[in-house]
Amino acid sequence: MISRIARKEFVDLLRDGRFRVGAAIVGALLVVSLGAGWVNVRDARSQLEAAQTTARDHWDNQGEKNPHSAAHYGMYAFKPRFALSFIDEGIDPWTGTSVWLEAHRQNEFLMRPAQDASAAQRFGTLTAAGVLQHLVPLLIILLAFGALAGEREQGTLRQLLATGVTRRQLAIGKALGVGGGLALLVLPAAVGGAAALMMGSGATGSLLTRGVVLSLVYLIYFASFIGLAIAISARAPSARSALVVLLGVWVVNGLVAPRAAVDLSGWLHPAPTAFEFARTLDEQMANGVEGIRPPDREAITQRVLAEYGAESVEELPVNLSGITLHESELYGDQIFDLNYGALWDTFERQSRVHETLAMVAPLLAVRSLSMGLAGTDVEQHRHFATAAETYRREFVASMNDDLAQNSRTGETYFADDDLWETVPPLEYEAPSLAWVLGNRSLSLVVLLLWVVGAGIAAMGGVRRSESV
Amino acid sequence: MNEPTAPTPSTSVLEAHGLSKDYGGHQALIDLDLRVDAGEIYCLLGPNGAGKTTTVNLFLGFLAPSSGTVSVAGLDVARHDRETKAHLAYIPEQVMLYKNLSGLENLEYFTALAGRSTEGGVLRGALTDAGLQADAVDRRVSEYSKGMRQKVGIAIAIAKDARALLLDEPTSGLDPKASNEFSELLRRMRDRGVAVLMATHDLFRAKETGTRVGIMRDGRLVRELATADIGHAELESVYLDHMVEEVVA
Amino acid sequence: MVARTVLRNEARLLMADRVQVAALALFGLLFVYAVVNGVAWVSKQNATIEAVSVADVERSTALASELQRIEDGGDPGSPFRDPRSPNVLGGNRGARTVAMKPGPLAALSVGQSDLLPFYYDVSIYTNEQTFLQNGEVANPLNLMVGRFDLAFVIIYLLPLLVLALGHNVLSGEREQGTLALTLSQPVSVRDVVASKLLFRGVLVLGLTLGVSLLGAALSSGFADPARLGLWCLGVTVYALFWFGLAAWVNTLNRSSAWNATALAGAWIALVVVIPALVNIGAGILHPLPSRVEMISTAREASRQAVNERSELLARYLEDHPEMAGAVVTDAASSAALAWAATEEVNRQLEDVATRYDERLAAQLAVVQTYRFFSPALLMQSVLNDAAGTGGARYDRFEGQVRAFAEEWRQYFVPAILAGETMSVASAAGRPEFAFVEEAPGAVFDRAAMPLLVLLLLAVASSGQAAMRLGRVRSG
């Protein structure tokens, strides 16, 4: 019985001009966005590779100099583009893309691509994620708003129920019919996306798993919308009012709630201004904070002298400067951890507000998950920033260590390319799927609540809907 | 036109001469000559598609004639669209009003559109004259029956002091009592000197209410009768004769 | 006469419909919320500018008193921190903070103000890399989504309000059957529909312009009536366009549901899809090289420059013969040598920046051209320009900062090359910065074309609608 209804619904859709036009447009946009995203990621990756090579060249060929000068010269790290980001570029255009790793300072990521674009980018770039999150739900609304309200208006609902179909069967059949119509559009896109992924990166297993989970997430999102559309269609007095209510839901979901979340997150968890942040950092760097005191040169000198049983600094087999520099790095690291940690925590708490508001707007949940799986959310930006910072600390430490071990205090000492080449390249490993889903568990739960809730609402709505 | 002139019974209000209407090859109305005088109720009888509604719509200027002329109060409808409408009132099969407004508010709106006085007392008087109970006047139209909405339509005619009333199947769907009341209302309009043109299926009502009847078939006016000269049974047989003729032809 | 009657009736109909009144009230709340939001963001920027200015004055005062102390015979301390040295007083220690205050209508449109820097520390070392810095600290997620400001409400939600109110302006009358009765009165459909739209227009524009004025009053107190006028004009023309479109769709004689679907489709296409396509098209037609080149160049140049300082100084003096006399030629000071290296790096950076800016300009030109496909894009540029939160004002600020940095260098570099020391008096005589606002005329010039096109679209659609309405005879 259900399959009959689904088939009828499906055939109805295929014959409906609105569906054909809508699906053709959405399909074309999906193809364009996938293609453009793919080209974009490919180009960005080759640019990054070139930049990384050049930056490493500069480091390796910086010539003879004191290792601490080399640490000051520093290195650059460039944020990698994750393969799946061709589906969802997420926050990538809005974060800095490169960071200068130098002695004494943890720097910010600079050069946000968005700063070079015109204000038009505020409308968003066409991405597959955008099409899937905004336009496909609209198509679902167009397909399903008349599911029950329309049949009731035409008087066919009465006839249908007279044949002995249960309302439950009717609801499931309708949903399957709409889902089938949608599958015609989404499945080829998913296959195309997977092919692009394979072509772009020689997809690894973990990448494919991420892709599959990403597809599942979107399917759940679409299912929620189908359920919601049927629930509202069942309760609405007319097809037109069902359409109006559903369009209202769409506007709140896609436009109002996301922006409201921005302001709400800022009010609940205010971030410091750039000026405040820099001033606090400088102030704490100079004077320390509770529990973290600036290194005491005299105490370090005494400690090192005692360690080597030396009477004076000149007698030491090591360069005291290297040791004090390292101590001051360790001190600075604690201050940076404190301040950058607090800032990142604020950002993550703000993201949590977006995820919580997904209770009102499922788009917020699917968007968080989508960015997470594509590797373009705030948490994964932080993950890379942390890796880069750890790398900075290690190589600065190795420079200071070389200075300490291979020279004497007060001596003029130069190291050469041999030392520079001992510094390993920054090997960044993206976080695992479990890590990502762990971060996004709230969104996952909310999205599941949506699909279950929408399903129940659809069933309930159809059960209670009046037949005339 | 603001001064209601007492019309003499022989004043012609609605006139059609050689009136035809084509809809892309289909002849809905062929060479109609018609005249309805002040104080007369003219009933157009005929089956669906005979051209009754087309005739009404031509008088209203809702349709433009393919040939011939229509005039209201001596003015050509085609050239004086607004002036002729100032003299007309229209009661469609269903008088549809703004549901969220009261009968009085609806009346006030349409009367104001007609450019006539919208003084409260005058409007309430019109509604009473049209037979609407006083307690219904300020209720929302969504609670009105079809008959009550028609009364608001009549009140519009009274308030705008229309010289002609055009009705399209006004009695279909009314119960006999309401239908009878409505006929009574039309007779009162006639007594005020209004020229009434009513398209209807209802032979009985036409004989009861009308002063003259015109039988239409296939876009032609085939017979005109004065109701005073004829009985119910006779009217029915004349009508059926014309219809049978049609079948034979 | 007809207009008055219809307006009165429409007002009655509106008041009688509780759902519509509630929906309008909700929209009103969104408008007010957007303005409050914008006002809060502007006051945060103002507070930041206040804080950085105070810090700037404190820094200057401290330097002046240190100079005074040294002039009175105090210990100058490390030569790298000695304020008498021109590359210290003109360098990072003595840097001047320059800021651009939010525009008079910034509370109405956040625009690019959350993304682009609105203050810089200018020193002799200010170069192209300086302008790569981030703006205010912000969660990139929040930047991506954008704020709930009045410009957003106007660009996205105002058309929806217009379409909700206007999609059935004629079809609704036909469907409820009142059109027949209306048309049997001595009035024309055109007048009735125009009056109905007038009522809705007054409602929508009254709400929008009222809230705009409220926002202006709360933030700047009508400091710039010309820009406010431009804002109001833009909003009016944009609303007219959507009303015209709604009117035209109504003349197609379809059902209200069909009208609603068609208009919603037009909204999606014009406000959501076309801008996204323009953005992606600009990226594909004119891909930007990575900014990374700037870093590579800077590092390559500074590495070479350090090795070739003497040569560079000689070349610098060739380029600037007027400086030659001032330099202690036989034993060029290390400061002069260092400056020569800095200058060379800056020169190379400028080359990179120029090449990059050419590419960027080509990409922006695409967006500038194709924005004519979307009234929303046009509207955005007009609103941002009027509010002073568009790219143009920030470019202007950056340009003035660049010029100021040059002025700053002119003040210190001769002293560096001549090996002079600075005094309390020379510290007091350091250049001052004041942002010079664009003349309103220039803003109008930029907005004229988008406004004109919007107006033409509005006139075309409503004119077409009026023509077709003239032919409607029956209900």
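Things to note:
To keep things simple, chains are lettered A, B and C as they appear, and every chain counts its residues starting from 1.
Assume a contact is a pair of C-beta atoms (placed from the backbone, for glycine too) under 8 Å apart; a residue touches a chain by one contact, two chains touch by 3 or more.
Predicted model only: the values in this text are computed from it and were never measured.
Counting C-beta pairs in contact across B-C and across A-C gives the higher total for A-C. Chain C has the Cα centre that lies closest to the mean of all protein Cα atoms in view.
Chain A and chain B, compared by their mean Cα positions, are separated by 71 Å.
Centroid to centroid, with C-alpha atoms defining each point, chain B and chain C lie 64 Å apart. With centres set at the average Cα position, the gap from chain A to chain C is 27 Å. Only residues 18, 29, 32-33, 36, 39-40, 43-44, 47-48, 51, 54-55, 58, 62-63, 73, 76, 78, 90-91, 93-98, 100, 108, 110-126, 130, 134-135, 138, 142, 239-240, 243-244, 247, 251, 255-256, 258-263, 265-266, 271-277, 279, 343, 346-347, 350-351, 354, 377-378, 381 of chain A touch chain C when the two sit together in their complex.
Of all the residues in chain C, the ones that touch chain A in their complex are 30, 37, 44, 48, 51-52, 55, 111-112, 115-116, 132-148, 152, 156-157, 160, 164, 256-257, 260-261, 264, 268, 271-273, 275-280, 282-284, 287-292, 294-296, 299-300, 303, 307, 360, 363-364, 367-368, 371, 376-377, 380-381, 384, 390-391. Contact residues on chain B toward chain C in their complex (touch as defined above): 57, 60-64, 81-86, 88-90, 92, 94-101, 105, 109-110, 112-115, 140, 153, 156, 160, 166.
Chain contact summary for the complex, chain C toward chain B: residues 1-2, 5-6, 8-9, 12-13, 16-17, 176-178, 180-188, 192, 473-475.
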